[in-house]
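Order of writing sets the chain letters: A, B, C and D. Residues in each chain are counted from 1.
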Amino acid sequence: MSGNSFGSLFCVTSFGESHGPALGCVIDGCPPGLEITAADIQVELDRRKPGMSRHVTQRRESDTVEILSGVFEGRTTGTPIALLIRNEDQRSKDYGNIATTFRPGHADYTYWQKYGIRDYRGGGRSSARETAVRVAAGAVARKWLLQRYGVSVRGWMAQLGDIEIPWQDETAIDGNPFFAPNAAIVPQLESYMDALRKSGDSVGAKITVIARGVPVGWGDPVYGRLDADIAYAMMGINAVKAVEIGAGFDVVTQKGSQHGDELTPDGFLTNHAGGVLGGISTGQDVLVNMAVKPTSSLRLPRRSIDLAGQPVMVETHGRHDPCVGIRATPIAEAMLALVLINAALHHRAQCADVSCPTPKIPAQAGHKSA
Amino acid sequence: MSGNSFGSLFCVTSFGESHGPALGCVIDGCPPGLEITAADIQVELDRRKPGMSRHVTQRRESDTVEILSGVFEGRTTGTPIALLIRNEDQRSKDYGNIATTFRPGHADYTYWQKYGIRDYRGGGRSSARETAVRVAAGAVARKWLLQRYGVSVRGWMAQLGDIEIPWQDETAIDGNPFFAPNAAIVPQLESYMDALRKSGDSVGAKITVIARGVPVGWGDPVYGRLDADIAYAMMGINAVKAVEIGAGFDVVTQKGSQHGDELTPDGFLTNHAGGVLGGISTGQDVLVNMAVKPTSSLRLPRRSIDLAGQPVMVETHGRHDPCVGIRATPIAEAMLALVLINAALHHRAQCADVSCPTPKIPAQAGHKSA
Amino acid sequence: MSGNSFGSLFCVTSFGESHGPALGCVIDGCPPGLEITAADIQVELDRRKPGMSRHVTQRRESDTVEILSGVFEGRTTGTPIALLIRNEDQRSKDYGNIATTFRPGHADYTYWQKYGIRDYRGGGRSSARETAVRVAAGAVARKWLLQRYGVSVRGWMAQLGDIEIPWQDETAIDGNPFFAPNAAIVPQLESYMDALRKSGDSVGAKITVIARGVPVGWGDPVYGRLDADIAYAMMGINAVKAVEIGAGFDVVTQKGSQHGDELTPDGFLTNHAGGVLGGISTGQDVLVNMAVKPTSSLRLPRRSIDLAGQPVMVETHGRHDPCVGIRATPIAEAMLALVLINAALHHRAQCADVSCPTPKIPAQAGHKSA
Amino acid sequence: MSGNSFGSLFCVTSFGESHGPALGCVIDGCPPGLEITAADIQVELDRRKPGMSRHVTQRRESDTVEILSGVFEGRTTGTPIALLIRNEDQRSKDYGNIATTFRPGHADYTYWQKYGIRDYRGGGRSSARETAVRVAAGAVARKWLLQRYGVSVRGWMAQLGDIEIPWQDETAIDGNPFFAPNAAIVPQLESYMDALRKSGDSVGAKITVIARGVPVGWGDPVYGRLDADIAYAMMGINAVKAVEIGAGFDVVTQKGSQHGDELTPDGFLTNHAGGVLGGISTGQDVLVNMAVKPTSSLRLPRRSIDLAGQPVMVETHGRHDPCVGIRATPIAEAMLALVLINAALHHRAQCADVSCPTPKIPAQAGHKSA
């Protein structure tokens, strides 16, 4: 509960700093028998990897993952799965100035005040580099969800700064560095980013992620709700400042007669709920939006203070993402998968549905499992 | 971890159904020495209580709280504080039809599918009536936060349906049934609600809540972030579908040079971060927005199914809030307070700062530290 | 995690003081569909109830339990089950002297030092009266274990002071106030206790408890072991100072060739392991011994100090058990049941055995579920 | 909560198999500012290391620890501390026969039945090799306890098979391979072990561990008791079958007038309680005994079954400890330290005592609290 573990039954404990020897995690609670290889994890890591286009940080990291435990003869054993990613490209000199000043909008100020000591190299623990660990752990969760439950998770960029990205074609998502579901708009995004980079500024983005195939019944009222867990997971991603489920903020102006998803024998007619009612999955797609703030490391001079509390102007000339949102899609997918696998395992432990676990229980007349 | 507890060091475990004998909670981890009486809790419960105006449910509940344990001679002892609220006005006949059908947009469908059995009377466990427990527990947290840390929490309605409520005057908030920070707009809100009620429909709302006086350093990276915990707490409130911290979704179009809050020796110049950077409090006000969906219980006929999966038209004629957002303000305040006291206690456990707040408490005569 | 909850998936949160208004608990995580009534719980409470013989405290409590939530139409709904036991017979005058002095061997000293305030009436929270809550929660767990898994839990007194109680007949256990599995020895135990009571002194006891029908595979290595959880549960019972699993301290002098339980196609030949190997159940009976210290409240004068740290002689003339071990058997049974139901639910969440939960996984050749 | 984490505020998550690439752990919650180096940890690892005498396994492991994160410029930063120990000497051929049969008294049977798959090489996850991780994590805890609270932990062997080891001299403990507090008895222990080894059999042992300097007030009633946490920690060590606090099983025959430790203005007169009353530390030494069973890997032929359930005779000819108790002392010390640091941090979070220890830590130049 000290802040670096995520999940309870499928618990991921993360470690590592941006410029330390390594990052990694321990996954405790992965059921045995899942076929998993480093390659399965690597493919997801590569989607988030730095240096994949000119629009992201040019730091060169292979992000090669090593499985240290928990897998035997290609299958999980039910024991902890430790994943290790060595850091390779640490140019600490890039960050010298950060040691004595605080970047406006960056966590180095709060870490410093909280702990009285910080590893300032590349942002240390607060660096988005930690998200590689989430993607790695998420890859294990995603494989389990797909194989055992047929649940898949998919994310994309919905908006980059002022540019809304109209949905066009899911196959386009992995065909461009922005994870934009629209091939035609990519040139516009690229020129937008080129100009932004030249300006030395950064910008925010909006990411959408959905889960398909989630059965009805996952999530635990009244506090451990599926939507609450999703909000926790998404808001816990570096730079995220807002989360919506389903209709999100649109519900403020909606009428009940408009918002409430009507039911028919063939299922729901709409999905304003975003696949969650009362904190429990409805069986529809789980729909999530999140807002990613602009990077706080800029070439532009900004007012700040130094360790002594004296005023200084801060410019950051290291290697940074001008829009951290560009690499946020695989991270959002991973976090949603981690929420879902925990919900799945918890549901299995306690639900009374005979189609789920052992105990046979007489359901009330009409219950689908009766 | 089975979904009905909130917080770890200051842990609230909730119980009770809308039409069962009682609702209540156990608070485990409240530090000893806090002066607290049932009256301190009652004053907060009365702010959320049903039947306080014609714009909310007319169910008559005194919501009288009884302290069953953990308080001795008017002060907390460090042992669990159990709070009990007996249900008084259960007209189960109002809900007969709910037993065999599902309200569009309501949790009765998902509870049913998850558990195979549900207490359908008044929504059972999924009823917003459970939020009385949150307000009661929050009252204890709020008193502690104010006395020990000088931290106060305040919420208000920012929008009702299409009506945006311009900020005018904090003192106005408790002067009207909407918790609107603007006395002049109240007549407009009342006529809006009167028309809505007549139409048999319901509507959503937007609630803002802030915390003042939060010291820098609360919150635990990288997953147990203060903002992640807030998102979890707010999205976990019945009917909430979206949460923002600080600039929220506005960050999507913001530039880094605009978003990042500059620092001077006198403090921050802006607060786009909403008081949280890297998951840790900055010392500025913590700013939160949330969207509350329209009530799903309507007098208007809607398509749904019954227990046998057959199509039916559902109308709900019980006593319901046409806008659950109207009573959401005290609940949002309570949840924010519960997040903050947990962050405060956790920070105290682990921070190395010798100035970390140590509660000053009058010990009983003879105690060694007196 | 603040000390008053037991278990994770089947989590019992306890509250209440010896002379406060009430004791009780909230059970979060009980699967839905279990038929349970207050009477099912009362029968277990009555086994532990005070005043059942002249050998225990004469405090008169009916220990009547009220179910406040989580049960609908006679079956659990999967929502929290709150249990309430009102205190009826509080003669606080009995305890006046305790307010200003400390009983040697009693927790009133440590509570006082820890919290700086304590409810001294009848020992407040440290009173063994809290164990009524454990028995009540255990009754729910025991019914589930028996109905779903055929697992039963049984305890008895193995030794009272110097008197070892030879095993004779299980049916004898509930036929005497000592839970002695030997009717012939009861007169000896009674005269022993009569003499002890007259002397104003108290004495310890040894309790044995076993679980039958536990399937192989419950328990989570390497820290959340079934035996570790049992040790935690038993040592957490008031006055318990030692716990053994299986051969216990006898293993110190055993040879490996003697201790290791040999296997045959028909099962194990012995059970020195006490039903647990590597923290996981073996399928044999789970065998536990525990030592209960003598009551610390005595009529005999003893040296102590008062709140001012001054020397005093303390005599306690209230109503106390001269041997708390006499009522410890139902408590030990309840705690073992609570450990087992948590292990059962956790196993169900994560095991790969096709005879347990959904996912079908190819087991290695020879696995019993292949 | 999936079994491989220990502690909540100072949480150690362990991973690794006996013959996998590596073992290690992540420590989450270590307060910032503690000076720690790999050498500080290595010195404790070397005490437990195999191959240090002819009386333990001859497997050659340097057990070299690498700190992967959480330490910057020689001090903890408050972020997770990851420790890695690579396996070096895996002669899997030694264990070929183990793949298809079960050793009587060994966990390979229960792992197999629980998971349906296991890493059989060297016992995989169930190997005592995992205890290296506990010692490493414990070394960090021990340094913190000593520096911040003046608390020290010390263990020794109290009995080896039939040979009781009379206490003589603490300085003797680290002067012999048995951790015997008595130099004179070492030759007798050595000849006993030489004969045992020749016989191909194994034997149990009794270990005592104490903590000195623990302040009054640590531990959380009523379930999270200090003694319950200790019992959990000790029973969770491989091969441990019994745990005592203070007088332990002797309390069964003790009278209250004999057991209850009398108090004077100068402190307690005795310590039958073993430093814990009502689950809270008394300020006296914390006294713990534990029983370690004989190794289950023997050269002597024993009856067992194979994967097909057919009867087989099993002999184990790998490299094993003929008495795992010989190396158990540093492990017991480590686990007690881990219990205590968690109790210390939790106490600090919630106690109301203004004198509650606040760690004094040298902040980096410029930190506001410096």
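By our rule, a contact is a pair of C-beta atoms (placed from the backbone, for glycine too) under 8 Å apart; a residue touches a chain by one contact, two chains touch by 3 or more.
As the structure is a computational prediction, the values presented were derived from the model and not from experiment.
In this assembly, C is the chain whose CA centroid lies farthest from the centroid of chain A. Measuring from the averaged C-alpha position of chain A to that of chain D gives a distance of 37 Å.
Chain A and chain B have Cα centroids separated by 26 Å. Rounded to a whole number, the gap between the C-alpha centres of chain A and chain C is 44 angstrom.
Of all residues in chain A, those that touch two or more other chains are 1-5, 8-9, 14, 29, 32-33, 78-79, 113-117, 125, 221, 309, 346, 350-352, 361, 363. Taken chain by chain, the contacts link every pair, so each chain touches all the others. Of all residues in chain A, those touching chain B in their complex are 1-6, 8, 14, 102-111, 113-117, 125-126, 130, 159, 161-162, 201-206, 216-225, 227-236, 238, 241-265, 269, 272-274, 276-283, 291-298, 300, 302-305, 309-311, 346-347, 350-353, 361, 363-370.
Note for the complex: chain D touches chain A at residues 1-5, 8-11, 13-17, 20-26, 28-29, 32-33, 66-70, 72-73, 75, 77-82, 84, 114-119, 124-125, 361, 363-370. On chain B, the positions that touch chain D within their shared complex are 1, 8-9, 29, 31-33, 78-79, 221, 345-346, 348-356, 358-361, 363, 367-369.
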